[in-house]
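One chain, subunit A, appears in both complexes that follow, with subunit B as partner in the first and subunit C in the second.
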Partner chain A sequence: MTNKAFKGLSPQEATARVEASLKQRRKKEKRFRLMGLSAVVLALTFLVILFSGILTKGLPGMFQHYVQLDVVLDKARLDPQGDMSDASLFSGDADKIILEASLASIGEEGGRKTKKTLRKMVSSGGSQRLIEFVKANPELMGTTQTIKFAVDDDIDSFLRGFIKRETAEKDRRINDFTIEIVDKWQEAGLISYELSDYLFFGSASRDAEMAGIKGALFGSLLTLAICVSIAFPLGVAAAVYLEEIAPKNRWTEMIEININNLAAVPSVVFGIMGLAIFIVTFGMPRSIPLVGGIVLALMTLPTIIISSRAAIRAVPPSIRDAALGIGASKMQTIFHHVLPLAMPGMLTGTIIGMAQALGETAPLLMIGMVAFIVDIPGGFTDPATVLPVQIFMWADFAERMFIQKTSAAIIVLLAFLITMNAAAIMLRKKLERRW
Partner chain B sequence: MFLRVATAAATVAALMSTPAMARDNVSIAGSSTVLPFATIVAERLGRNPAFNTPVVESGGSSVGKKGVCDGIGTEFIDIGNASSRMKTGELEYCDANGVKITEIKVGYDGIVFANSKEAPQLNISRSDLGKALTAKVAVNGELVDNPYKTWNEINPALPNVAIRVYGPPTTSGTRASFAEIINEKAFCKKDDEMKAALKAAGKKAKTCRAMRTDGAYIEAGEQDNLIVQKLQEDTATFGIFGFSYLDQNSDTLQGAKLDGVAPTFEAIADGSYKASRALFMYVKHQHVGVVPGISEYMTEWTKHWDEDGILADAGMIPLPTAEREEMAARMTALPVLTADALK
Partner chain C sequence: MTLSTLLILLVAIGVAFYFAGNMTVKTARSKGKVFHSLPNYYGLWAGSLAFFPAVVVLILWSIIDIQLFQSWVRDFYPPEILAAGGSQAIVALAKVENIVAGIRFGEPEAWVLQAGEAWIGWAATSTMLKSAVVLGLATVCGLIAYRQIDTDFRARNGVEKLISYGLIAASTIAILTTIGIVLSVLFETIRFFQLVPPTDFIFGTEWNPQFEGAERAGSGGGEAKYGMLPMFAGTLLISAIAIIVAVPVGLASAVYLAEYASPKVRSTVKPLLEILAGVPTVVYGFFAALTVAPAIKGFGESLGLTVASESALAAGLVMGVMIIPFVSSLSDDVINAVPQSLRDAAYGLGSTKSETTRQVVLPAALPGIVAAVILAVSRAVGETMIVVMAAGLAANLSFNPLDAVTTVTSQIVTILVGDQEFESAKTLSAFALSTMLIILTLGLNFFALQIVKKYREQYD
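This part shows the complex of A and B:
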């Protein structure tokens, strides 16, 4: 090693110079390490801020206030036609029976004002809950049962301290008379604060106290099911063909460039295409998971193809050569040796693609899945929405209790995503082979 | 593996070849201002076990008006919601596609100019408000970029506070209405100096709908809740949003008086508070009786749209009784909207 800078120097002088520069080099190295570390710390800080914000708001959103009422299950009034059918129960007097129960709870006959106030204090979903209760327990007809009903979201806000007693009456969402009744309920121990069953088992609703994510969660699952069953086989097939079978020429190069371009196309473009092809040309209905799944599959396809190709490329050629050497056909080599070895990488890519699809709303906007949908989807052709859309819609509703519900739904979505990513890592760890 | 690919491909092919599927739920899309009320009504209808809950999509007034006119068939929506009336051009698009629609006014929405309760309540004339927010105003007879930095530069009676207003972006119907009612009609068409300057520059009053872009008017996104949060944090700023958000946050926010009238439920309902607009739904004739539940959905509105109804609780301003009756009659008679009716 001859260096110009050291020409004509005695060994001692050279050593001294190197030593002097060594200090500089170590300093540089230290600085570089610090920069890396601070980048990680910064990212983590943001993550902590984000998570603590969501958790502090979202955890209370998972709970809500209920009021226990003694309800008289009068068969003649609840079920006027006497056949326990949905139509008969719907035409029954459930609302009035709940009103009477709430009047009894404060020990009053009740004038018009009291009735009007009480009607607004128990969630409007109360009658549905009562109907479900008698449907589940028809043998209890005729008895008096204690059933817990969600309180209206304004009362819930008050009990949580968001609406303050000190605020002037005209500036408050609830008046003094309502507060008096709430006080009576609290004294009698009728109010309880527990894990919200509506959040997990309820569907979309404009009443904050009974809004839930079940419908959106089912919609997400149905959409992802379609998405994975299209994107995975197609993606793997494309990757195998491009890596193992296709000749390397200008055409395959073109295809490769286009796949990479497709990965960078804004997701809303896929939605516009979905609208034009599946809904307008094929005449499929709007807002269904089938169309949503196909659109998301097209969106995640490039991700899966790219990661699958990388996984196939990572299988050492010696394995192919060995298989071909002992007389295996090209097909046999691919299916018996290359694919099983590349599978962990392909699955990881697929799961990451699915996690990406789970969080998408933009492509769904065009095909009508960004919508308020109450009925829980039972199949691939029922109208459905997905979790991120539910979050987006709740964030915009004026009622204040939706702020907490939004964060609670975000927690659920994050839990879903973390599970998927953890599964990806576990799969990789479990199936990974080293050569 | 190969088998799996084959089955998946077969499934997809089978699904693709399914002929157009019938729809048994009402499909609605349009204005995000109408959405909260439309969803309340839809949810109520859905409680009846005989009907599926209508699907309500957002997207904005233009999506509602265009979407309902796109064509006939179950792949198109049945009802379009809008917070501004259909224009003749939009109706022509309907005619071109052979779509017949009925116009139903469902209620009113107030647009409020609000700030935090910790700051004093503003009492401002509509003309002054327009002068504060219009992009180009008249100074010495010439149209120039709006030079006003503080409210008292516009009118000495107003506070010495910097003009900083959060409001919705251009895609919003709330913004379009605000710009039309305040900037154009109350300021540019009324203020003499402004009228002269516009004439001299050869420009129409419509150009006044452009909001300031120098930082005095800040676009805060389509989410009104975001504006509400900003106002609660920063007491020196103002915000523009729908009345229902003021109604929900009446303990922390106050609406400015416009020409001496505060935005209360009563003042908007009787028309003395001027910044308000009508909410419409456009029902496609050809779908009534084909898609189950359209008539029932319309009837469901009539059960909740009066002063004591749940829609008023949610912040919608009801129509006067006579107009409600007229609209209820339209729901059964289904008169076809013509270009003459829009003039």
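This part shows the complex of A and C:
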């Protein structure tokens, strides 16, 4: 031992010295361990804060307040042309009939002030709802029916307690008179708080109480369909080529470098490429799921190629040797033996890539999928928006109720993502084979 | 015929040739003839020769004809628009395309109507010709392939050759995408540098592209300034905050999970941490803008500090949380790659677990950890939605985390979202910013790979 500290120490002395330091070292050990543990706990705390924040805001966003009104379904007024066509129904007096029903609900004839207030209290989507009701139940024409209408988002905010009764009238978004009517409705038991049907079946809207995610959900599905039908075959084919066929040369090396680089390119850059190439150069329309799907496919391709290659590499060479040995050609070996065995791994990678694509926002903003689109997209070339972009747009709206709607939409998005990831894990567990 | 009906017809022709080839060989085989390949391959040969060339022609034609129409339609433009060029020509094109699509805003000019009608005429002719050529090509190629069917014809080899071409083509997509990315930013960047000198862009400390319109209208106003430094400073600041959050937490949890945690804890905590990476960035953005930023503002103001409502700190903190799993799982991998023998040697000398980890495992894993951190930086630099939603748009050249700063990605999004004139320096500046962003992220990536390559210890 050349160590100075131990020079000339007898074994007993050395042991004593080590023992003296042991307490300190054990303490350090404990501290280190605690530090690691607290880092894990901290990271998990972030997770809990994030999810609980979104759940506490989002769960109420899945519900909304409705008012039940007894509506007189007067055929002559609802359907002036008498043919039940959309044109006739929309030119009818649905709005007025709802207003009369709401007047009746508070038992008043109503002056101008009452009418003006009431008109603002029932959601402007009420007439649409009435028309849909009549269309679905034409036999009820002429009777009086109890129909639930969404209340305006300001009334909803008041009922949830975001707008306080104690606030001075001029500082409130709703006046004392409106509150009086709400009280009357509540006394009569006309107000109910239930699962929002607008959230899932409504489309984009500037009115918080009517805004829904149906259009965005369809847009997401269409975009993902394009994305998976491009990315999966291309990714698998590229992986097969690189793992099984490609000679080790410069070209192959270049492809591999490119794949790794693409995996590191920020997603927004793929959007810029989509804008410059597909929209400006090829003249494809903006905001369509087709372009969105292609861009997302190019973005997820590296993920799929990398995981597919890993899956192919995991198939033992003995399988290939056996197939080749009994006279299969190279392609037969690949397509009849290697691919089926590698498929679970490839599918897992693809699902993870699709989950990534489903949550992606930035590239789709670039290609114009941020437009305000009311119609439900019916095809790959209809203008559409997607769920994350819808969330982004709603997050910009100032109304209090949109915060809850946004959180509710986030819950739906997260539910999809968690389901997809869980499916990937299950698939891997179930089909995984140990060689 | 529309594109989709044509495609369906082509598929039908392909399937028909597949069955024709398949059946012909099957019946011949049942009569005792011996073929080189299985019947399936003859069918595939005929079917794919019928289908693929025609599809390629169809796709190319559909892309090229629109380009042609766009250049032909220029003949209809009034001379003043042609002379003005740039954005005016784009507006003119949009007008004509609206007529073609059957959308009319008010009373279009006469030349627009004429151009629209001409376009519709060309489109009709092109569609007719396209249908005839594509369907004819499919049939002819299919027939040629079908005629080749013979006992000696090596259909399997042919089909396998086709498949291998397909596989090669698929693998070049990665290269094509890279080329596409480079080309799409390169030309616009060059055009931008013709308008704004590169030195002004790279070393400029003022970013103020809003006055573009005023400048062109000749009404004076402020001069548009395109200096990228404020944005890169903002990006740097937010990324630095994110790294300060993510690296200690991510690294310490990786060490804990790799060295201390029981397998059971490890197998539950790891997927939970990875959920953080799977949460869409728009959700983080929403969370940062609505929960974190007001909380920081409230807390800072209670301490008597001035805090911007869109502070860099909020965006950076949330981004840090987002990249924790990135750091932890990459570091976890490198820590696990350190051979057990090194640890055993350290234990044998009497080290405690923490001494082993700190003095043996971490130094051995250091290159990998550094690479992981660099990759995390690159991820933070390229992250878009969090900064779009939670960071400001004001281009302040500031390193105070409580100020509002802007980043490269959020400026790109702000400039390019919505309708833009393609000729203006403002739009082009977004492409120049993207070029810088790509160079930065790829540079970081390259750097990380070099570190791993150079300093990696080779064990056994």
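Here, the second predicted complex is superposed on the first by the 396 of 435 C-alpha atoms of A that agree within 3 Å, B and C clash if a C-alpha of one lies under 4 Å from a C-alpha of the other, contacts with A are read in each partner's own complex, and residues count from 1 in each chain.
Going forward, contacts are C-beta pairs under 8 Å (C-beta built on N, C-alpha and C of every residue); 3 or more make two chains touch, one makes a residue touch a chain.
Nothing here was measured: the structure is a model prediction, and the numbers come from that model.
Enquirer: Record, for the superposition on subunit A, whether partners subunit B and subunit C clash or fit.
Expert: Once subunit A is superposed (C-alpha atoms), there is a clash between subunit B and subunit C.
Enquirer: Tell me which partner A:Ile403 touches in the superposition: subunit B (first), subunit C (second), both or neither.
Expert: both
Enquirer: Answer with first, second, both or neither: which of subunit B and subunit C does A:Ala16 touch in the superposed model?
Expert: Touch partners of A:Ala16: none, neither subunit B nor subunit C.
Enquirer: Where does A:Ala395 make contact in the superposed view: on subunit B (first), on subunit C (second), on both, or on neither?
Expert: both
Enquirer: Between subunit B and subunit C, whom does A:Leu417 touch in the aligned arrangement: first, second, both, or neither?
Expert: Only subunit C is touched by A:Leu417; subunit B is not.
Enquirer: I'd like to know which partner A:Phe282 touches here: subunit B for first, subunit C for second, both or neither.
Expert: Both partners.
Enquirer: Which partner chains sit in contact with A:Ala237 here, subunit B, subunit C, both or neither? Use first/second/both/neither.
Expert: Touch partners of A:Ala237: subunit B and subunit C.
Enquirer: Should A:Val370 be classified as contacting the first partner (subunit B), the second (subunit C), both, or neither?
Expert: both
Enquirer: Taking the superposition as given, does A:Ala188 touch the first partner, subunit B, the second, subunit C, both, or neither?
Expert: neither
Enquirer: On the A-aligned overlay, A:Met426 touches which partner chain: subunit B = first, subunit C = second, or both, or neither?
Expert: Touch partners of A:Met426: none, neither subunit B nor subunit C.
Enquirer: Looking at subunit C, which part out of 113-121, 419-427 or 437-445 clashes with subunit B after superposition?
Expert: The one stretch of subunit C in steric conflict with subunit B is 419-427.
Enquirer: Per the definitions at the top, what is the overlap between the subunit A residues touching subunit B and those touching subunit C?
Expert: Correct list for subunit A: 233-234, 237, 280, 282-283, 365, 368, 370, 395, 403.
Enquirer: Could you pull out which subunit A residues touch subunit B in their complex?
Expert: So the residues of subunit A touching subunit B come out as 86-87, 90, 120, 124, 128, 163-164, 167, 171-173, 205-207, 229-230, 232-234, 236-237, 279-280, 282-287, 290, 294, 335, 339, 365, 368, 370-375, 381, 383, 393, 395-400, 403.
Enquirer: Within their complex, state which residues of subunit C touch subunit A.
Expert: 63, 66-67, 70, 156, 159-160, 163-164, 166-168, 170-175, 177-178, 180-181, 183-185, 188, 248-253, 255-257, 259-261, 269, 271-273, 275-276, 278-287, 289-291, 321, 324-325, 328, 350, 352-355, 357-358, 375, 378, 381-385, 388-389, 409, 412-413, 416-418, 422, 430-431, 434, 437-438, 441-442, 444-445, 449
Enquirer: Name, in rising order, each residue of subunit A that touches subunit C in their complex.
Expert: Touch residues, subunit A against subunit C: 18, 25-26, 28-29, 31-33, 35-40, 42-44, 46-47, 50, 53-54, 233-234, 237-238, 240-242, 245-246, 254-255, 258-262, 264-273, 275-277, 280, 282-283, 298, 301-302, 305, 329-331, 355, 358-362, 365-366, 368, 370, 388-389, 391-392, 395, 403, 406-407, 410, 413-414, 417-418, 421, 425.
Enquirer: Spell out the part of subunit B that touches subunit A in their complex, as residue ranges.
Expert: Residues 1-2, 4-5, 8-9, 11-12, 15-16, 18-21, 23, 25, 27, 29, 32, 35-36, 38-40, 42-43, 46-50, 52-53, 55-59, 73-75, 77, 117, 222-225, 242, 244-245, 247-251, 310, 313-315.
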